[in-house]
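Here the chain labels run A, B, C and D in written order, and each chain numbers its own residues starting at 1.
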Amino acid sequence: MVIVEIIDRPIDPFPSDDGRLEQGSELIFNGRVRSKENGQEIKELEYEQYEGMAESELKRIAIETANIYPISDLFCKHRVGTVAVGETSLHVVIWSKHRNEGLEAITFFISELKKRVPIWKWAILKDGTKIPSECRYH
Amino acid sequence: MIKVKLKCFSQVKYALGTGEVILEIEIGATTTELEEMVRDRADGRLDGVGLSVAINQQYVKGDVVLHDGDEVVLIPPVQGG
Amino acid sequence: MVIVEIIDRPIDPFPSDDGRLEQGSELIFNGRVRSKENGQEIKELEYEQYEGMAESELKRIAIETANIYPISDLFCKHRVGTVAVGETSLHVVIWSKHRNEGLEAITFFISELKKRVPIWKWAILKDGTKIPSECRYH
Amino acid sequence: MIKVKLKCFSQVKYALGTGEVILEIEIGATTTELEEMVRDRADGRLDGVGLSVAINQQYVKGDVVLHDGDEVVLIPPVQGG
């Protein structure tokens, strides 16, 4: 099963589950905001999404991943809006029979997400300035 | 002439100073022409920024003819995760 | 930092942490008991350890992993004794700046653990019989 | 003669029917000789089971001379995780 959500509040992780009979591997990734963005100290990040397409593209990648790798479930939450340093912006859970396919699947999924999902970071600097991350002409 | 809705994100929004603009373009105008128009407006501020294109919430490749009422996004490098 | 523990009760996961400034990647693996062991339906598993060496070897591998890969922290709990189907027997958390080094480190760590840490599985079958996992002459 | 403590786990425990046994061996006896002795006792039940060796809680490689009081484990394939 595939679940993807884009949400604008702190991420509540998907619940753990001791009741599964066949999935020997539960793999969880939390991507968190670091205090520096392109070498600059930030106050927080603001994630901007292309509403609609961000979620549909995320879902498409999740389904692709589940088709390529023999996993049971892929759950994902991506946060948008303002995210404080240290907080989770991306939460991914993959359940599979064995760990190897889970590790390969999570690697592929996040890598594709970072290539294709129309979400962008705006750095909020210490002085309050807001600029697109990696913007060169600031 | 036809109208398309250009939605702007990240560096495109920053360069154009707007999140959304309705553009009048010639019938038969393509995504490549739209991108040139937008880069002109940005006046150098999008130099070196690669742009993918989505029409009506789907990525498209190559040079695609636009239609009246299309929602178009010139997508700068994405940064999710 | 490296923490390893071998414990004989249900695993309490290491707490999450929204207060880190530099670690953009938190990777968590829960290895769980599946209902079949070598094709046989089981009631539960019993993990047997070589007490002392199991923990020291686990610690050695954790330190090796942290020396090879640029990660910040590796935390691990391995359960011994009886573990019900579905429950976690191995819990690993790796904090790192970026996800790639975390994924590589967790892959290496678990793979070495499975080669070297003197812990063994006994299958408790539905009828109560207890045999070493993969024992051929039962 | 010297005495070593053989601790038994998994298939070795199952084959010998004991978790621990004190063995009297010749002075200068090695891990290879101990392994042969154990395989004899197991009477075929350890055939095909590879055994690593740990002395005093450390893996050792090759043929190592045992000393009085050593704790020895013949380690069948481990199954942690």
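Methods note: a residue touches a chain if its C-beta (ideal position, glycine included) is under 8 Å from a C-beta of that chain, and two chains touch if they have at least 3 such contacts.
As the structure is a computational prediction, the values presented were derived from the model and not from experiment.
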Distance between the CA centroids of chain A and chain C (whole Å) is 25
Centre-of-Cα separation between chain C and chain B, whole angstrom: 50
Measuring from the mean C-alpha position of chain B to the mean C-alpha position of chain D, what distance in angstrom results? 72
In chain A, what residues contact two or more other chains? 31, 110
Interface hub residues of chain B, defined as touching at least two other chains: none
Taking touching chains as linked, do they make an open path (line), a single closed cycle (ring), a hub with spokes (star), an all-linked set (complete), or other? line
Touching pairs among all chains present in the structure: A-B, A-C, C-D
Sort out for me which residues of chain A touch chain B in the complex. 31, 47-48, 50, 52-54, 56-57, 78, 89-90, 110, 113-122, 131-137
Show which residues of chain A lie in contact with chain C when the two form their complex. 13, 16-36, 84-88, 97, 99, 103, 106-107, 110
In the complex, the residues of chain D that touch chain C are 7, 9-11, 13-14, 44-45, 48-49, 54, 57-59, 73, 75-81
